[in-house]
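One structure, pasted below without further comment.
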């Protein structure tokens, strides 16, 4: 299944469902996968930052990845393998590729500073996991404090044939997409899939700048699918209209750290998850925030019926 | 004019207008002040982070502050006096207070780490400028990398009688407002004006959590005035309707670093500034971004006529 | 073997020996343990930052810990269990305690900022591994960017009965030891073992400020043992004379990042390790640095015969 | 006096002397200059980080610089002009050059991250002050959190003809000097003066790696002069013998933040300063630290008579 071919559309970032007592919630994993596939997602990424990956032990990580791979069938599954050292990264990467993953995602450790340190890190990481394993660069300075210029990304891409995709979540990031697409046009960088994250906060314009799709986990991935489709079809106003209707909630869900509680709450309200539980550290929404999200959903329902008549709450 | 009384409403953050050749643009300062007063602003803050304060020399800083103070008449003007050392901070603070400022704003240096370091910094700063000068805490972790808990803010407030306001721009920050208001209710902290910044990205809910108003510089301060008024009047849906119409542009303008170019461009399009020029480092919008902002303005004009038929552009 | 009793003397920080091809070097582990015990060390810490812990996978980590525990017999072995999440931390902690470790060491993740975040982290970590497992606080701001005031350490100690020791490597750190000992005297903190790290750069004065010993990995732990003994015996000048003779090399070995290559090289020259190999990322000394260390060793040998006539090199 | 010629020897970093009530101590400035010249220093740098530059207002900064320039006569004086913005940097740079400074020193703001950001910053700074003003790069990651690779330094040097010197205080930094000298040999970088700082902690080996001298403020600049001279004369053992005798005190004085209090105390004991006072924030040594420094001086006096029979204390 491993592939470095072009990736596009919506590759949703999956949260990890837990039961109220903190166990992995397998029933919710299955339901969530069905939901994502039904929503039109083209692929999925598990064990990312928002998947609470560091809170899982090695066996649990493998368990979650394998179950999602099984559920997703022929659609590609990317697995986050970021780790403080290459031994654990390599072990997980090889195990999930054996289990049928399409590739892995690697975030830079937040101690990297210089351009060379970043480039060397990805070269070492690729060598550690094996140069045959396709990998995704996660470029998320807001969370990782590592700033990659377009030139650094080009160096990583050109150095590593197995690098097939950029999870773009720099902020601001619009000009970065334009610059990278320019590198492709001027021949200085081979073609790269660019899927955008950061909760989709700029998905509307990112598509217009040349993104191939979204790689984020907003609680309405069905909206992401529609916006990507509309944008690719050139229906600019329709894409923005739908996006703008969701923006108040997108913004609320994108709050650093706190956002995951919002996402899990909305996915619970939509009937996808049985519980909004997170493992520690991580907390549920308080009653005021919950009421604020409910209000946002009610307002959204006027424009998007998918936000109305929710099973739970 | 110095006062530690309760502050509320919209205290707009002023950019510093430059001509295309980088000189201070006095005509635009005057026009901008008229515009802000006409928009219903209750006060103004100059020489803040987005006012490009570090790009002015000492004489220019004083010049800008004095001109705005003259323009604003009886309405309070707060002046940013953040500096790498207390000597420069004290000099500017005393000069602007002599010129009629209502108070000063102090941001923490980004090297502070522990709670005690932050508390001590504000105590030393207040002693340096003089304990009779009212000051505002600027709490903006996204920019300054200094994280102040509600408890730290309470210590600063209780330690310094001259601290009269919090420029709240933590993110996420809703629960922080609720916690601080709880401190007032339980008697552990005296009453504090809380005006919110961060480009107003959460103004809608921040007002509902207990903020006294806005202290930010979004290019439509007239909208901020309306949202604050509607929210205080209990017209929740109307407040959100107006806010949501602006949110696509608010989001675009809130991009770290890049946002000021958007703001100056829109204020130029609105006829407030003669030029969108920034001093170095700092750049104008490129043509693609400019077109994106124009598109956002055109969409906004369908809901808010103030975004239509703009004098420039 | 688990114990929260008073710890003192030299608890050496162990590197992890690798063969030239990157495998765990079991023979060197055994030889190293014999060497440390013969040098008079009172205990050992494995899988710390300089033990290249993140470069080991879960099985290897357990393997190294168990082998050292077996070698050290009745002397206490502390195991670093720092991890990006509590699941992996808990798994390793419980396994090594079952294998006979005396306790575990926990470093704070470098994203912690406020006092409360640090205190909460240690409380959550202790709950995660189990409150019956004795743990060591690692206070190393130079490496972890987390600054703990004495007051924060006191809160952690008082909150967690299972916290029995501070690995003190703040810099500057002399007054911190004095302050913590003052907390014990004024009854605001229970007695705490304080062993000092940071390559022993201030061991001479730290002992005089009240440290119980050293918890570091300088390539001459036999010197650390002597300095601790002399200092406790009140032989101040003799302690400083010996320490000062080593200081040029200590300083050279304490270089951030690069220091481990020096340490492994000297331990190879002393015949303790069969190879100076590190796993990636990490490099051997270049020829110039090697010659510099040789020169330092030759100079040291004039004062301390243990630096002369080395088996290798 | 401005010159981009080769600089070598000891360019001492000057503290700013204050009286006990916080005023600039002019008598001590004059005495200190005489002392430095008498000690054989080849030049001096004022208003650096350890010169408490941010604690001076604009007039005081100019006053201190001018007085030192007058005292130093034909020997070159470099003035630190680092500032949060280019306006203040330009103003001070031009004023001190008019007053006879030989050049200025510019530290990078601690918000710079990528290679390009650093290179662009120095290009913009040079343009701001004027490309005719010779400037020094200050490379001090421990304090500024900005990491410059040798390649970045080469870009800055090659981009800016007015860059004439590197204040090298990276740590570890020995290989960096070797790499930069290699750039000169392979013709990829023009010749650059490299003077080392970081309190001289590695001066012994830095000279052997190719440094041109020292640019630091250790309280025994006369020792720095001797070590530089001995090293250049090829008297390796003698250079190290003298250096090693001072190393216990060098290490004590190099403690981040706390070091300046040590330096001022020793310079007071040597009769150079009338007071060890610092402006806030900044504190004198406590009695225990004072006694520790006295002990170090007494021990040093056995090897270097300059540390014995001190006028004060």
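All chains are identified by letter, namely A, B, C and D, in their written order; residue positions are counted from 1 within each chain.
FYI, a contact is a pair of C-beta atoms (placed from the backbone, for glycine too) under 8 Å apart; a residue touches a chain by one contact, two chains touch by 3 or more.
Every value quoted in this text rests on a predicted model; they were computed, and no experiment measured them.
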Touching both chain A and chain B we find C, D
Looking at chain pairs B-C and C-D, which one is connected by more C-beta pairs in contact?
C-D
Farthest chain from chain B, comparing Cα centres?
C
Measuring from the mean C-alpha position of chain A to the mean C-alpha position of chain C, what distance in angstrom results?
38
Just the number, please: Cα centre separation of chain B and chain C in whole Å.
48
Expressed in whole Å, how far the mean CA point of chain C lies from that of chain D is 33
Would you give the residues of chain A that are in contact with at least 2 other chains, written as numbers and ranges?
none
Chain D-facing residues of chain C, complex
171-172, 174-175, 178, 201-202, 204-205, 208-209, 240, 244, 247-248, 251-252, 255-258, 286, 288-289, 292, 299
Residue numbers on chain B that touch chain C, as the complex places them
113-117, 147-149, 151-152
For the complex, give me every residue of chain C touching chain A.
52-58, 60, 83-88, 90-91, 110-111, 120-121, 124, 127-128, 279-281
